[in-house]
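Working notes for the structure below.
Chains: A, B, C, D and E, in written order; residue numbering restarts at 1 for each.
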């Protein structure tokens, strides 16, 4: 009995860690969207495809250079450039439009970019190998081993979170972004070239999406449409956290990761203690995919502006 | 800049009144063309046009119901396809229990959809703006996953209907022409109903709330009961669209209620010009015809489709409807 | 330093300004007077490029800036306190002040910035008390003070105030006048729109009266005082 | 507090944001047909008080009694139905509606259920006639079919008041109705309020001292959320604390000293 | 309901022409499967000189977007407007379920080259539906049988939470009788499998059986390898094949799957096909391609047998049932339910000398195997 219990506890700890890890991966993808949607108040459904394009860039450049690091270093500016081009061509005209116009336009962009990717790289999924140096796993606690590469992702996620938090909350750029999102002409009338700032920051957001895509490429399948499934999750994360809050997005991402992972594994076990086995597995199966959405609905029921509503936000 | 509800351009809203009458004419013209369509097929001998037209009208019905809350209530629901799904599954599940009558199925569909709308709407209306968008998405997804896990009705594989529903025991709908006119009748009925609603006392409160909810409270209205009622009505109409879709396709699948479908409904409404009743009908037609037409050219037709959507937004305010109006208006000026 | 010639502007099809022309010299206080809806704000928007002029020239230090984007115009040393405050709701008071702050504009290069956070707080102690409040958590008057402070923090050579005392308590209004005087004494030029003509005429150098988009009168404070007809006819005082 | 005979009586009302006390134990009694002006420095809590009275913001403590009924916890729309309506400091009209509709919808709010789904409301004679009458009262008849969004600033301010009137309220809370209006339009509004005094009870917030002193029956002065003085205009005007905290000195020459005094608070 | 043929495709046949509609998923993440199928069929058509049974063929390709209702609309367009004689497709079971009725009631034959659901193999079998792939359960049974043969005692099963996933595990357990330590259904479209991998690590089963099609399979395989679990044999269906291997590469090496064919199949015709396919499209064909290729051969052979008369449906049906054709799989015939009776193999992922990743036949598991539902079919 004791042994079973401690084994359970061990598994629980490990699953919690897995959840955190999954959450951080989600945050990495959501980070760029926090800038574009959360701060600049632009509903950008095409964020998912930017993430996908990042992964494709990484796949291409890694294959070309034969080095993951070099590939990544090339993929990032490529994503930045794509972001800037898109901003100049499309998004620049969308800031002052209402949310629904943004939905329509970025829905169009999803179709365009998804299809372009298929034209350029084909419909078959691509591969990015885990960099040689990071293939192993490390001893964590007990006899639990953890893939090294996933630890790298955790580190990258934490660094991104910290960097964004500082950028948004403690720098002039962050202030100007928030100011520009609510009243761009006024910022300009005070002598700041807000359009250029928006262009650069949009590019940065696209680059963050690309970074996420490139970093998860060795773990996930690089295929057309890979952004679509992630897109909704990232919106969920940002909304649970409170639109515009980097801290909120980070905490929400981890919450979503942990609830999803732990709920999936321990939910059925818990249900089995209450229901008969077949009913338990039936309900467990039905509930598992809903967990994230139940979590979101519950959070919004009690906190209609998310966990960390941004002060002064008038959405 | 940011309005307190959701960020919907007042410019669109302001045009509602002006466009109301033109929308009436536009709708009349569309309905007339639709009603005459079977004659055309007699001439050309291409009966398939009716199939496409029926499909367009079914989605127009769903889009119209969405516009009722989105265009006139500023409630952007990202889970509207769930109601279509409820309607479709009402047909499937009743069929599995041997109930095939269209009227019974419709009644059950509407009742279930209304109940679902009442419960989820009451919760969702506590939030606003993007939060409302996402919470409606959440409820839609829950239903979607529920249907996927329901093995009894095929789960993800869906459920094939052995035949279309009967009307008073007669298999009338098996005839595509009857099906076509039934759908047209429902669409016209829903259009008239929506038109009446918008112009009524109730509709005025709804529109007022869209403009400025705090102002409405300050003159003595509590907005949420009205919004909730509109949400329930919209959900019920969408469920009817689901009943018809199940009958037209003779197949029911959870895919009808995925978030992508909700997104497409929004796109149809915005594409056609929201806040006008003719808009969503035009939007649904444009969406489905583009899909039909472009996909016959190239495997990469989505590229062109996306480009068209993008251009519509960038160069026309108020969707296809707005574009047409502008072109006509421009001609007048010129 | 600012000179406007033959300025015309319109909102869509409705024309508002018809050949507006006047100038503000360095260190001078000029008022723009007129009743509601005569085109005062529209003139200001035109100057700042917020509503690009349809015709005419806007010269800053002799250089035509008409058609340039607002930020380039502002960087030449113009600071705006807009009508309706337009403070940034999602920024705290302090962030509102520092976000767009600048040192001295060109022309004053090398000079230590005259306005700093401390100086603005000294001018409006109320803002210091509320410095952690978000912009939309301020009272109407506090927002107005913030808008003025925000403009000063760009260290302009010409401050433009559009109805800057709307909704301010009488005492604060007096403080604003004192403050404007201090700004002028420090060598800055001021262009001000306000309905308190009497208070203004006590320290303004010149007045410009606008009626239905046309300049109908210009003159000094003394001339204004001595021509009661102007006040009656165009300002309804 | 029916015994006071006041239409509105406020007892120990308070409102805090964290440690910040914005409304501090405010007590007021407003008898029927009084025009009561509240003045005070910027940020004193005047608008907040109106928000609390109208139900836009919840209170942390205290009690609001209107026409003998405790309305402290009622939501805004129910207070309006009981006869307590307000206007906004920043114009908040239904911009997409015509002036007439803006008023008619306020009439609609108090005449019968709005859960009527079929009859077209635009052709509802009763509502339109009543709305037109209110517009006429403010001299806005010729603007009836213009969209509110396209009216001039002054007309919007007038329409604000028309809408408040149309709710049929006995008591109106008006927050800076004169802000941003020219001398000419101010004069029209001042006359309107003078006329309203005959039929309505009013609380008015205003920084325009000429208007305040020409209209007020009584004045209360709010400073840091506290009522520091309350009484007839002449008495308040002479109050030394009020002069120091709010009015300042009328003499421009002494303004710098006044500023210094203000800065020291 | 008896189907009486109202619209007659006679008009086309009279002119010595045959019309074939290909309905595949050509957009979205699963497009690669549809493309393989389409390419396989078109390659066969090219080889046949675009003549099926001597008739000039017009081939129309449509995209079902993986949406059942869109598929129905497209299928009706093919049948009612284009008046095709055959509809070939689709990839997905839910699409198949949706189009069977409109296609067959509309007077065309439906040749399913991938999906094969149990109801259509059994009680709801349809005289105008022919399946050139397999009944869905069979591939899973191959691995179940293999696990049983290997003497594995404890197995860990994992599949996505939808109908095909449930069918998969049921099919596996049909032939595997040992202990199942854990049976996990993951949400459809799951990205991260670390939770499940941790459970596998904790359970230490004799082998893992996974049904994880498409991108999910890519993720699972990569993460399985990264979690250091490669010591536990990985048996799977639709998880490692030529459509996913380009993304899995080394991570999938040595992983096992089940199939009715693989690209190293020892048959001259198959070798030619693989060479031609790779030369033309650059990628390695999976079973999706040959099943579609076979469909083309089937149509060709049957039409030839009727002497180019596609108007007599009964005769054509009989020809489809009976006419032998040279399947790339060699041994191929239809059972009474129009599902194939064929051999099944264990396949394994290898890296070919040319550097490409592919599956290879390891051993035959079933010989002339018929599905378990055929007896329920009353045709």
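Everything below uses one rule, namely that contacts are C-beta pairs under 8 Å (C-beta built on N, C-alpha and C of every residue); 3 or more make two chains touch, one makes a residue touch a chain.
Not measured: the values here are computed from a predicted model.
Asks: Going by the contact rule set out at the top, which chains touch both subunit A and subunit D?
Replies: Common contact partners of subunit A and subunit D, which must touch each of the two, are B, C.
Asks: Within the chain touch network, how many edges lie on the shortest path between subunit D and subunit E?
Replies: 2
Asks: To get from subunit A to subunit E along touching chains, fewest steps?
Replies: Step count on the best path from subunit A to subunit E: 1.
Asks: Taking each chain's centre as the mean of its Cα atoms, which chain lies farthest from subunit A?
Replies: Measuring from the centre of subunit A, the most distant chain centre belongs to D.
Asks: How many angstrom lie between the centres of subunit A and subunit C, each centre taken as the mean Cα position?
Replies: Roughly 45 Å, centre to centre.
Asks: Could you put a whole-Å number on the gap between the CA centroids of subunit B and subunit C?
Replies: Taking the average C-alpha coordinate of subunit B and of subunit C, the gap between them is 50 Å.
Asks: How big is the gap, in whole Å, between where the Cα atoms of subunit A centre and where those of subunit B centre?
Replies: 31
Asks: Can you check how far apart subunit B and subunit E are, centre to centre, with Cα atoms defining each centre and the answer in Å?
Replies: Roughly 36 Å separates the two chain centres.
Asks: Counting only residues that touch at least two other chains, what does the list for subunit B look like?
Replies: 145, 148-149, 302
Asks: Which subunit D residues reach two or more other chains?
Replies: Expected reply: no residues.
Asks: Which subunit E residues reach two or more other chains?
Replies: Expected reply: 27, 161, 187-188.
Asks: Could you tell me which shape the graph of touching chains takes: line, ring, star, complete or other?
Replies: other
Asks: Which chains are in touch, pair by pair?
Replies: All chain pairs meeting the touch criterion are A-B, A-C, A-E, B-D, B-E, C-D.
Asks: Which residues, counting only subunit D, touch subunit B once they are in their complex?
Replies: The contact residues of subunit D facing subunit B are 54-56, 75-78, 80-81, 85-86, 88, 92-98, 101, 105-106, 108-110, 113-122, 124, 147, 149, 163-164, 166-167.
Asks: Going by the contact rule set out above, which residues of subunit A touch subunit C in the complex?
Replies: 172, 175-176, 178-179, 181-183, 185-195, 244, 310-314
Asks: Once bound in the complex, which stretches of subunit E touch subunit A?
Replies: 27-29, 31-32, 35, 161, 183, 185-189, 191-192, 194-196, 198-199, 202, 214-219, 222-223, 226-228, 243-244, 246-250, 283
Asks: Okay, in this complex, where on subunit A does subunit E touch?
Replies: These residues of subunit A touch subunit E: 7, 10-11, 14-15, 18-19, 21-22, 25, 115, 118, 122-127, 129-130, 135, 137, 145, 147, 149-150, 218-226, 228-230, 261-262, 264-265, 281, 285, 288-289.
Asks: Spell out the part of subunit B that touches subunit E in their complex, as residue ranges.
Replies: It comes out as residues 46-48, 51-52, 55, 145, 148-149, 151, 154-160, 162-163, 245, 249-251, 253, 255-256, 291, 295, 299, 301-302.
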